[in-house]
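Take this structure, written in structure tokens, and hold onto it; I'll ask about it next.
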Amino acid sequence: MVEFNFATVLTPEIAIAVLSLILLAIGLLIPAGARKGMMPLTVFSLLGVLGYTLYDFFYGQEAAFLGGMYMHDQFAVYFKVLFLAAALLVVLSSGGYVQKLPKHRGEFYALLLAATLGMMLMAGAGELITIYVGLELMTISFYILVAYLADDARSSEAGIKYLVLGATSSAILLYGISLIYGLTGSTQLVEVAGRLGGELTPASLLATVFLLAGLGFKISLVPFHLWGPDIYEGAPTPVTAFLAIASKAAAFAVLIRVYLLTMNSQAFSATGQTLLLVLAAITMIVGNLIAIPQTNLKRLLAYSSIAQAGYLMVGIIAESTAGIKGVLFYAMIYVFANMGAFAVATLIDEKQGSSEIKDLAGLWRRSPLATVVMTASLLSLAGIPPLAGFVGKFYLFSAAMDQGYVAIAYIGFVMSMISVYYYLSVVKVMFLAEGEGLPDVPVHGAIKFTMVFTMLITIAIGLYPTPLAQMAIAAAQSLF
Amino acid sequence: MMNLSNLSVGLSTYLLVGAMLFCLGLYGVLAKRNIIALLMSIELMLNAVNINFVAFNRFLWNQKIDVHYLLTGHVAAIFVIVVAAAEVAVGLALIITIYRNRRSTNVDELNWLKW
Amino acid sequence: MSALPTVESMSMLLPFTILAPLVAMLLIVFLPKEETKTIKIVSAMGMLVSLVLSLYAFLTYQWAEGGMQFTLTIPWVPDLGVNLALGVDGLSLPMLLLTNLIGFASIYASWNIDKRVKEFFILLLILIAGVMGTFIARDLFIFFLFYEIVVIPIYIMVVIWGSTKRVTKEYAAMKLTIYLLIGSAFLLVGMVALYLAAGANGNPTFMFDQLAARQDLYSPAFQKVAFALMIIGFGSLISMFPFHSWSPDGYAGAPTAVSMIHAGVLKKIGGYGLIRLGIFVLPVGAKFWAPYIATLAVVSVLYAAFIALAQKDLKYVVGYSSVSHMGYVIIAIAALNPTAVTGAVGMMFAHGVMAALFFSMIGFIYEKSHTRNIADLGGLAHQMPRLAIGFVIAGMASLGLPGTVNFITEFTIFMGVINVFPVHAVLGIAGIIFTAVYILRTIANVLFGPRRSEWDHLTDIRGPELVPLVLFGFVIFFAGIFPNVLLGMIDTGVTSSGLAKVLETVSQAKMGGLF
Amino acid sequence: MSTIVFFIFAILAIAAAWGVVTSKNIVHSAFYLALSFAGVAVLYILMNADFLAAVQLLIYTGAVAVMVVFAVMLTLRGDVRESNPENRSWFVGALVAVSVFAMIALVVLTNADWRVLATPWTGGGSAEDMSLLLLSQFMIPFEAAAVLLTVALIGAVILAKGVKESK
Amino acid sequence: MFKEMHDLFQWAWLIPALPFLSFLIIAFITKRSKRLSSTVSILAILTSLSLAIAIGLGVIQAGKEIVEHPAIVNVNWLNIVGLQIDFGTIVDPLSAMMLFVVTLVASMVQIYSLGYMHGDEGFSRYYAYQSLFASSMLGMVLATNLLQLFIFWELVGLCSYLLIGFWFFKVSAREAAKKAFMTTRVGDFGLLLGMLFLYTKFGTLDFAALSAALNTNFQDVLVIGTAGYVTVMAFLVFLGPIGKSGQFPLHVWLPDAMEGPTPVSALIHAATMVVAGVYLVARMYFLFDFASPAALQFIAGLGAFTAIFAASIAIAQDDIKRILAYSTLSQLGYMMFALGVGSYSGSMFHLMTHAFFKALMFLGAGSVIYALHHKQDIWDMGGLWKKMPITGTTFFIGVLAISGMPPFAGFWSKDEILANALHNGHPIIYGVGLFTAFLTAFYMSRLFFVVFMGPEKPENHPHESPWSMTIPLMILAFFSVFGGFVALPEHNFAWYIHYGEFHHEAIAWGLAGISVLAGLLGIGLAYITYVKKLISAESVAGQFSGVYKLLKNKYYVDELYLWIIKNIMDGMAKVLYWFDIYIVDGIVNGLALVTRGSGKVLRRTNTGQLQTYAMVFFFAVVVIFMAFAIGESQLAAINPLATLGGAK
């Protein structure tokens, strides 16, 4: 372990925390009428932090903080880049949306940043309690964000559902953590990994299942996925975007660490692998199948994101550098693909106050750019080349097949082709339906930038995945 | 009941108490209709976990002699309490919001979002 | 990487060929959408450049040298071993030329489009570029990439510009897309498996020649499974029975240009892939499945020919006919000998030209009369003699009239097949009778017969509309009268690629008691 | 002695919890909850976690239970005796809960791998030790918890007052 | 000398090339000008005619040399692995004869058409087709290998199709054209197969090479037991001629083909294209000879049957062109059985003479039809001789020729065939042939008497046709009269065109007498019936009404085919279409439906009730734990997913 300067390593986390508190303070101190420029402030600060984090990724030193309590490796930094990028894009795309909020616009950003901070802690945490606190920081921020439209019954319904289910799931996660602590006397992942091992005892089995359930809830692994669509549908669209993209990625960051360090001990047998494979397969199947009859765009994206979680699980189960690389790669492109789609959804929500698929009718006429972005994003999610999603799926499934899991690759590929069905249904509505009487949807400023940027990235990575792939490899290797 | 005093109160006993509380809380979450009752049940579950942490902390062998590490269970419990308090605060605020929107705290009626 | 010397000075030829339509597309993106004329002209220019370049490649290809020429290799995704490797040989060059011929003509076949012109040509050019890419790729990954690129534009084009007949265009488009994509999912599994098997000793690769060279890494059992996957994928694409049902509906729903490209070149990717990947890389698997494939192929031929007899919609006739014709290609591939493979590639070319001509003529009929129902049409030769000529030429090519390129390629196929699968071949050849029946019926009912006054307002094709007729008519007869130009080229490809040697190995290896 | 105390308070905690989930009156439930928390606090004392016990009493029995009661009062409508009914699928819920309990109990009873000390460890647990730990090893989650509390506070305020002002 | 001749023969390719050039010129340049188009076409075919005559004279001069060593020129056409095909020209007496016949009749017909087709809308198109046909037919004649022959064989089929359907606005013409193409296609299927088998067996399709291979490898072939194989190939190849030359049962298209313009019937469906099958059998005679006796026996039997079968139908027909068509069928049967009985020279001889007199009669019929404004029923005609003396006279010459009256051309050829049949031991076939000769004489004279001799019809206002039409008639009449003399010893036809060893056979005057007698009998009977009316045709027909009906309806062969097409082929098509839509597509749609349906069902799991979600959550935890726990001891052994994966 290398000694390191506390301040430099934790800079992004501290910066985000401070930023979040500043925004809260502004909300408290400055009267509502005089508050201006909170979005630019957020954006530029995030940009700065993101830039620093990227620098950190390439030139920073690996280190473990407080004897393994907190990790500063490329894996963690990779995820931090991801969270920050996601937060930045969400903030950029939500400018217009937030402007329409009746009150508490500044707090919205603050909460968003608090959630981001929670995620960053999760990615960096090397210890279960830290993970838990980070997770709760993120989740509680989300409870509030989901219910943010306080006079919208759907929003608060989603909020309370998320809260009850989230709290229950974190209770079971905690129970699992307590069992782990009981089994090993430690909550530090490295030590836990060292002391688990050998035969699988009933208690370690139970702990594993509880941890899996708790984290599976966050990544919406079937059958722990049921909350997802309801919350996605009810939440404000930018929040849905952030929830779908970043909170899931954060849970994956934790899952990867926990899985590789603890579950991947010899004790975690072939049965566990099989179970996970079955769960991943069911997740892909259920997510994609239920997405087919959906009529609400956000709900559709929710089911699609359930399916995506299934794909990502495949990479984890592969348990190899290639697999983790696939997960990391996919998680990153997933940000851009989903962000494009959600930017359009946000725009539609902002202008038309709805997120039904039929409200996209004739979007081609009303806003060609939004249509193109939406199409590209959806097709990337479906894994159609030359968009990034294809390469991502290729990495994931080839890693799985390399480990001999061929059946899951069949299911994965076939399911992703079936997913094209519902993605194309959306595309069809945009291109074909006339959309009589629906307003024009001009795209300006930040959201336009978001759309174009995400689309370009999606295409660019699809055409030339090498840079991102190298980042993902570096991050994945830092784990092994 | 007669031999109650002869029973040694060991780890398993504490754990069983924790498990019972956990499952009672779970039952509450699954079976009650009032959202506030749900929140209370969740608190029960978190308490159960805390019993676990503290019990493990007391009864378990620990490699490290350093006192800091010996208290991990307690620290965990503290964090759980903090988080639970925060959760309750947010939860109750939410319930009030919902009550204002729908004039009901009945969880059965929260099904506008489905399918 | 390639053992053959590269023609360094010419290595940019293929990139330019594929970039020409893309550049045109980009230009169109920035054109105002009211400038329909300019858009069409720009598209035509782009395709013309492409066509000229591919013709240049066709004419300057060194037969004596053989192998991949005009090669270009750029490492692309190093961690996967993907190379942006382009090149053409005797097998792919005819297909490249075909793509450009049809692409060029399809611009003119769409000359009268007036709905969302800009979008149409943007998508069309992407589509053409994508198809082109599959044929010049020397790397499996790139090949697959290009293949999937084309699927989505087709969907959008069918949905927007298509037409609804027996089935709705939305249904047809979705069926076509999902069918092909699911087929490609299996293909993808096979492809990954192959890639992993080939990279078992490190040094992963997607290059076709490398994959083929690593025969010893594929066990017979593996080859069997992998080839089966290829058959599902490519078989769907080439519409082999029973994976054909997307094809007639898809063509019927699609706008003319898409039908032309789809029936003309896109489905040939299936045959091309089976040869490139199936036979060269997995010969043992091919050998194992050959009898089954041959049977399915013959069923395709006869079954689709019969069904074509019962059709009332012109596009369905041609749709089923193309299923039937592809049966010949498949059986030729199953025959696994150089003659048959030569014939198969030749047939793909010939059928492509024919089908494109057919669809363009039908497109004009539909565009002018707004019906494709055979019963509603009749005596069109009175009003549209030039169109009738095109239609008859396409029909005659379809039924394999000597003098057209279709005959000699069919003949080559039969020649290659008859030794290997005599019974299949005889049954397949019987298909030419039924082909004649439905083609002649169609021609008779659409073009001939008493003059119908309700069609007197139709104008004959003229100006730009003539381009498909002239171009394809010329190709059909030129290549039919001088078959060596085409078949000799393909033969070079077959010979220099060492197919004979591959097959010899297979027969000698004799499957190690597997069969 | 401690055994008896243990059983008394353990049973108290459990019985109170039972009351929480079975009482038909939500107000009663809230009081049962406070009782249960108090019982658990005694168990903490039995396990030498004095500081924790204090925190438990303060935060849970004090703050949380009171907050709950306030919320109950704010949202109460109709007959208070029927304010906390079971839902239609309570029986399934009971089954699930019982099976979860069976599962955990099975594990607890069959697991032989707890690394139990020969004699229970008796030191520590003081506020001083805790604060040392929280400010060194657990500094990061500690700070995060601070942010968390702030966020929750603000959030609760936003949520609770949001509607009224917008109307 | 032969060297010089050979130089001449090298230019034989010009004979088909010129008409082809004319076709291109008409199609792409002169289409709009009727006069130019016809001029170009006629000039081209006349040039070809003169070239053909030159080559014919050259062949006669070259004599023995060319008989034994045909002048062959080959250029490579296709050269790929497993398939080498040359294109070339062969000049030998047989092809020289064919060239002459084809170019002559084609020239006559094209000149004739100037008048006949005058004023037709598609005049230029007509000449384009004519040129294309001439080119294809000549190309076929000159073919040096079977594939080349097949290609041109199909092209003449195409021209036939186009010309039958020339008046495409007539539904009957359209249907007839289609029928002709399809029927011959059936035969071509066999020919194609035969070709493939021949190539795979012998590695070549070149006539000379094939012949050599068959002869030299006779022993080998026999040893590996493939004599039967060769027979099969012979039968397959023969299927082509059955279709093209209208042998039973594929004869049905030829009578319908009369829907085309009459000159076309004369050229294509009487004189040239329909004899292509006969020509093919002659070209491939070595194959049939090798495969004998089965193949030849079959050819003889089928030919004879066709001869009498068609002749019997002709008796009961009323349409002037149809009578001629059935007569053509009958005569083709004659030629075919001649080949079958080994009368190679006789068959070719008859082919030539038949071309002259049948073309003559068709053109004559065309002249009549032209004069009567497209009436074709013979009972609507009558007494035309007086009004149309040239047509009448030349037609009568044709009738006499076909009836085998000496010294007209038909006498010599028919006699040779019948004599050979008897000599080579086919008495039954001889009998059939003789009876057919009688029938032929009867129905042809019937035709002649009814049309030209009977009472004039007042509604008709016939007048003699223009010179452009009568001159060809006269030229052809000339050949019908004198064409037979080439068989006389001093110009011995058989010496030039024969198969195997040449045996000079003197004319057997006794047999000749018998056949002349049969012809006379036929003519007499017709005279009695239709001129003298001593026998009432109606009452005979009434007496044998069943037979009459059968003949009138052409033995119901067409009806049978129609039934088969309607019920079996189209029925099958419908059944398969049903199968495709409801079964094959049904499965696809069914899968889609199941997918979508399961989506609809599964979405119900999201009830919106958060407690349900929680229950599922915890229940799943229990289940997963149990599965895990059980699997630890048992599941690991099964591990279904690992077994699913195939490749690794």
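In order of appearance the chains are A, B, C, D and E, and numbering begins at 1 in each one.
Rule of thumb we're sticking to: a residue touches a chain if its C-beta (ideal position, glycine included) is under 8 Å from a C-beta of that chain, and two chains touch if they have at least 3 such contacts.
Predicted model, so just to flag it, every value in this text is computed and none were measured.
Asks: Spelling it out: a chain qualifies if it touches subunit C and also touches subunit E; which chains qualify?
Replies: Common neighbours, subunit C/subunit E: A.
Asks: Would you identify the chain whose C-alpha centroid lies closest to the centroid of all protein C-alpha atoms displayed?
Replies: Per-chain C-alpha centroids compared to the overall one single out C.
Asks: Report which of A-B and B-D is connected by more C-beta pairs in contact.
Replies: B-D
Asks: Can you work out the whole-Å distance between the CA centroids of subunit D and subunit E?
Replies: About 101 Å, centre to centre.
Asks: Distance-wise, how many Å sit between the C-alpha centres of subunit A and subunit C, to the nearest whole number?
Replies: Once rounded, the distance between the two centres reads 42 Å.
Asks: Roughly how many whole angstrom separate the Cα centroids of subunit A and subunit E?
Replies: 76
Asks: Determine the centre-to-centre distance between subunit B and subunit C, using the mean Cα coordinates as centres, and give it in whole Å.
Replies: 66
Asks: Going by the contact rule already set, what residues in subunit D reach two or more other chains?
Replies: 87, 89, 92-93, 96-97, 100, 103-104, 108, 114-115, 136-138, 141, 145, 148, 151-152, 155-156, 158-159, 162-163
Asks: Please output the residue numbers of subunit B that touch at least 2 other chains, ranges allowed.
Replies: Residues 22, 25-26, 29-31, 39, 60-62, 69, 72, 75, 79, 83, 86-87, 90, 94-95, 97, 101, 107-108, 110, 112-114 of subunit B touch two or more partner chains.
Asks: What parts of subunit C, by residue number, touch at least two of the other chains?
Replies: Residues 178, 193, 196.
Asks: Give the pairs of chains that touch; include all such pairs.
Replies: After working through each pair, the chains in contact turn out to be A-B, A-C, A-D, A-E, B-D, B-E, C-E, D-E.
Asks: So in the complex, the part of subunit E that touches subunit D is made up of which residues?
Replies: The contact residues of subunit E facing subunit D are 611-612, 615, 618-619, 621-622, 625-626.
Asks: Residues of subunit E touching subunit C in their complex?
Replies: Residues in contact with subunit C: 76-83, 147, 150-155, 158, 165, 168-171, 174-175, 177-178, 181-182, 185-186, 188-189, 192-193, 196-197, 199-200, 569-570, 572-574, 576-577, 580, 584-585, 587-588, 592, 646-648.
Asks: Can you tell me which positions in subunit E touch subunit A when the two form their complex?
Replies: Of all residues in subunit E, those touching subunit A are 595-596, 598-600, 602-603, 605-606, 608, 610, 612-614, 616-618, 620-621, 624-625, 627-629, 631-632, 635-636, 639-642, 644-648.
Asks: Considering only the defined contacts, which subunit A positions touch subunit C in the complex?
Replies: Those residues of subunit A that touch subunit C are 379, 384-386, 390-391, 394-395, 397-398, 401-402, 406, 409-410, 413-414, 416-418, 420-421, 424, 427-428, 431-432, 464-466, 469-470, 473.
Asks: Hey, which residues of subunit B end up touching subunit D in the complex?
Replies: The touching residues are 4-5, 7-17, 19-34, 36-37, 39-41, 43-44, 47, 50-51, 54-55, 57-62, 67-72, 74-75, 77-79, 81-90, 92-97, 99-101, 103-105, 107-108.
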